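One chain, chain A, appears in both complexes that follow, with chain B as partner in the first and chain C in the second.
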Partner chain A sequence: MAQDAIVADKLAYWFGDLVAVDHISFSVAKGEILGFLGPNGAGKTTTVKMLTGQLKPKDGKAILLGMDVPENIEHVQSEIGVCFEDTNLYQRMSAVENLNLFARLFNVKSFDAYALLKRVGLAEREKDRVENYSKGMKQRLMVARSLVSQPQILFLDEPTTGLDPTSSEAIRNIILEERKRGATIFLTTHDMMEADKLSDRVAFMNQGKIVALDKPLNLKQKYGKRALKARVSGKSGTLESREIVLDTPQTPGDLQNLFEKENVVTIHSEEATLEDIFIKITGRGLTE
Partner chain B sequence: MNLKRISILLGKEFIHSPKNFMFIWAIVAPLAFTLVATLAFGTLFSEKPNLGIVNEGNSQLVVMAQELDSVTAKTYEDVSSLKQATESGAVDMGIVLPQNFDNAVLQGEIVVIEAYIWGESLAKNRIILPTIISDLVRELAGQEVPVEIESVTLGDEVSTPWSERLIPFLVFMGVFFGGLMLPSTSLIEEKQRKTFEALVITPASISDIFIAKGILGIVLSVFMGVVILLLNQAFGANSLLLVGVLFLGAIMAVELGLIFGALIKDITTLFTIWKAGGIILFGPVFIYMFPQIPEWIGRLFPTYYALQPIVELSLRGGGWSDIAVSVFILIGIDILLVFVIAIAARGLMQRS
Partner chain C sequence: MNFGVIKALVVKDFALFFRNRFYTFITILGVITYLTIYFVMPSSVDEKLELGLHAPVMPPVFEIIQQEEGLEFVLYDSKEALKDAVTDGTHEAGVALQVDIMEKFASGLKPFVTLYFSTDAPDELKDIVEALIIELSYLQTGQALGIEVSAKILGPDLLGEQIPIRDRMRLMLAIMLIMFEMMGLASLISEEVEQDTIRALLVTPMSVRDFFTAKLIMGVSLAFVQGALFMAIVGGLNSQPLIVLTALLLGSALFTGSGFLIASLAKDMLTSMGWGITLLLIYSIPAFGVIFPGTVTGWAKAIPTYYLTNTIHQASNLNAGWGDIWTDLLILLAFILVIVWGGIMALRRKFR
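After this line comes the complex of A and B, so read on.
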């Protein structure tokens, strides 16, 4: 059996009396994309900090590529790439200088900054100071920086937040390309659609605990309500909505009635979103 | 700790720090103060030291002294006129060469020279003149001769010239301002812009980052100390020892800077603390500015142990025995601060 890329074993961290991460356990297989979801203050960032060696767990173990993180910090950090939510580039340096600095710190031999910048669509602005970049360009450079060492594990924290659709799409494509390369991706996000689209599995974190962890489809099947939404033409000619819940004993009869007795204008299936499921499980929204 | 990564980070610091306003300020401010002080007190273009001589016999040393370019030698008829000239500041140092002085020298006897020193003469002159006299005596004897100079200070001893009283302040500013402010502002800036977070998830450790910033601070600090001492013509006779002390003082300044950088959140707070707490750092400077203040008060400040050896070597012509205790205490403080940095760095990692 292939070794998991990331293993959290009863991982815990607290700040005084506040338990930020409460003995969570999960694993991420090599080449898998895990969407890590939760509202602000749920403990996502603290978890990522323990996994990336920025914080030493107060309890439990963080294991990356078979190595205990605090005990092999330098080795672990040479195998990971991290893209932070907040822009933390050297603003007075150019894109090339930023990438070259980190490539040297990662001891990357024959690093081609231009090729990487081309990949994220910044090749033409390679020598411009970063302070003159737009938010989307900076974010793409952040992603590029996390890739300088061709990491085996990539931690991406809200990589598309606040970006225009083109930049977001470019970053999503890079994530998928990285998975294709064999990288394991730990994607922290608020964006349910993004998590749904990209992740092989998603983990919901709330108040320091993982409350659900599965494939998006399985979660939807387990917690969601599948339904058909129809728009019918009423007696006075106005459009009215009808909903037929699927997977119940009444469903066939309801469907028959709909088509026999109503004048159906449009009909489509509807499944629960990850946001609906999160609210159902935790009683709170992701943006709270 | 990894030397390669430290050198990479140091390269970044060297390339980008000169664009930092603090780097410019750390160089400009002490130099500007030095220039103002030296121009105001006339030491920048000061004349050669004046040596007064009473020649009771017929010593050749007088002629030899008058032939020198580095000193202005004047002769006086008797000891009372020499004393008068010394007391009034007409000469920086007056010496009396007794009868048969040259014979005694040639026979290799121990030479004792009575010397009068003007209380307000510049320290560099007080250091230079005895050295010149000793060299002349050896030249006259054609061999190594033990020379003892028994000095008596004339005039107001307390009234050390302001140009000299300011030197400890100027040197201290050069060493401590750059050494402390450059690493602290650089570290705070990295925290505020969150680039620190980006660095610590690379294989570079927090100690690599701190050492790189520290080295830049030490280089700037020692460089500024040396430049200011040279500009003030106060480098003294023990230049290597002085540079060594400057180096130890620079380490202390940099360590304090790194501690401040690790603990303080923003540049504004740093400046507030600098303004309010600067007195603790600069306390010993006032001891040298105002000699009426008892020197033991200075010993209460940790920075005294960096400043005292510098003053002793550069202004008072002292040697190792005069500074040994302070230097050992300074080394102790430097080592202690390493542990404080380690604690501050751990806290920084948890907060970042």
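After this line comes the complex of A and C, so read on.
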């Protein structure tokens, strides 16, 4: 069996009496994309900080590529790339200078900043100071910076938040390219569609605990409600909605009645979203 | 320690420092201003001692002594006029003789002489004038006058070995120049925390030790080069250059450590400036003591820069050797270790 890229073993962290991360355990296989979901204050950031060596776990173990993180901090950090949610670039330096600095910190030989900037669509503004970039450009540069060392593990924290659709799509494509390269990706996001589209598996975190961890499809099957949504023409000519829940003994009869008694205009199947499932499991929304 | 990482950080810090227009401007302006101040200050010392004198009868020796270089009496008609001249600062000291002075000299009695000093007259001047009157009485009669005298040793400055004011000031100018870099460094670190770039650095193979080493190298070299350059231009390295350069190097380390402390307290460039100016004023106090001897007392020894200013003053102005200043350098080093360590600890807490 291939070694997991990320292992959290009863990982815990607390601030005084507040337990931020409550002995969570999970693993991420090499080359896998794990969507890490949860509302603000759920403990996602603290978990990422422990996995990336920014915080020393109070209990349990954080293991990356078979190495205990706090004990092999410099070695571990030479194998990871981190893209933060908030922009933390050197504003008075150009994109090339920002990337070259990190290439030197990672001791990357013969680094081609221009090629990387081209990949994220910033090649034409390579020498402009970052302070003159738009938010989308800065975010693309942040992603580029996390790729400087061609890391084995990528931690991406809300990489597309607040971006226009084009920039978001560009970043999603890069994530998929990185997976193709063999990188393991730990994706923290609020965007359910994005998580659903990109992740091999998703983990739901709530109040410091992982409350669900599985493939999106499995979660939908396990927790979601499958249904048919129909639009019918009412007596007065207005459109009305009808819902037929699937997988129940009444389903065939309800379906037959719909077509016999109603004038069906449109009909389509509906499956639960990850957001629905999260609410169902935790009783709270992801954006709360 | 990773030297490649440290080099990359130092290069980055220098680039960011000089791209901050304010600090670049302040650095260049500082060098030009302090050099200008130094060169417009008088390079020689006025060694003439001017005293007010009320003498209803002028003893011959007072007239003779005036012809000697270095002493001049300005006569006043009345004691009141003399007192007014001393009070309004025309003279730092005045001498009032009595009408019967010559009779008393002749009869072997001790005449009474009143000395007036302005409130800000240094102790050395009081000693000089008292000694002068005693000397004059001996010259006139061969016996002592009936005035209170104290047997204080006169300071070297007023015994014909005065140091020009600009050479006294040179030290303060150099220290203020390199202290400005303390604020620049603090601002650079605050910015690193404020813009969260420190977090981006801390998830790379860079260690916290690499980070602080780079900041130390940057801060010390920036301050030291400016201080050394300034001292070289204004002739501060003409006497005991090795001692002066060693003291400047230690001073640069002291201000870099202080920059760490300021950065741990500051939230942005403005608060860095606020804390920096506060510390700058405190750190400048011992240098004022060099410019105005007698104004700074023993408590100044609690200020780390006392040992820096004293070393540079002793070496560059009084040609003191290693044997004279090694204790000062040792105490300065102890202050540096405490301040740099304290600054690093305080900043590390901020990084979490």
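Here is the rule we use: the second predicted complex is superposed on the first by the 288 of 288 C-alpha atoms of A that agree within 3 Å, B and C clash if a C-alpha of one lies under 4 Å from a C-alpha of the other, contacts with A are read in each partner's own complex, and residues count from 1 in each chain.
Operating definition for what follows: contacts are C-beta pairs under 8 Å (C-beta built on N, C-alpha and C of every residue); 3 or more make two chains touch, one makes a residue touch a chain.
None of the values given here were measured: they were computed from a predicted structure.
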Fit-or-clash call for chain B and chain C when the two complexes are aligned on chain A: clash
Touching partner for A:163 - first (chain B), second (chain C), both, neither: neither
Which of chain B and chain C A:86 touches, first, second, both or neither: both
Partner chain in contact with A:53 - chain B first, chain C second, else both or neither: both
Chain B versus chain C as contact partner of A:5, first or second or both or neither: neither
First (chain B), second (chain C), both or neither touched by A:77: both
Touched partner set for A:107, first chain B, second chain C, both or neither: both
Which of chain B and chain C A:277 touches, first, second, both or neither: neither
Intersection of the chain A residues that touch chain B with those that touch chain C: 52-55, 73-74, 77-78, 80, 82, 84, 86, 88-93, 101-102, 104-107, 145
In the complex, chain A residues that touch chain C: 52-55, 73-75, 77-78, 80, 82, 84, 86, 88-93, 97, 101-102, 104-107, 145
Interface residues, chain A side, partner chain B - complex: 52-55, 73-74, 77-78, 80, 82, 84, 86-93, 101-102, 104-107, 145
In the complex with chain A, residue positions of chain B that touch it: 4-5, 8-9, 12, 16, 19, 193-195, 197-205, 349-350, 352
Residues on chain C engaged by chain A in the complex (per definition of touch): 4-5, 7-9, 12, 15-16, 19-20, 195-197, 199-207, 352
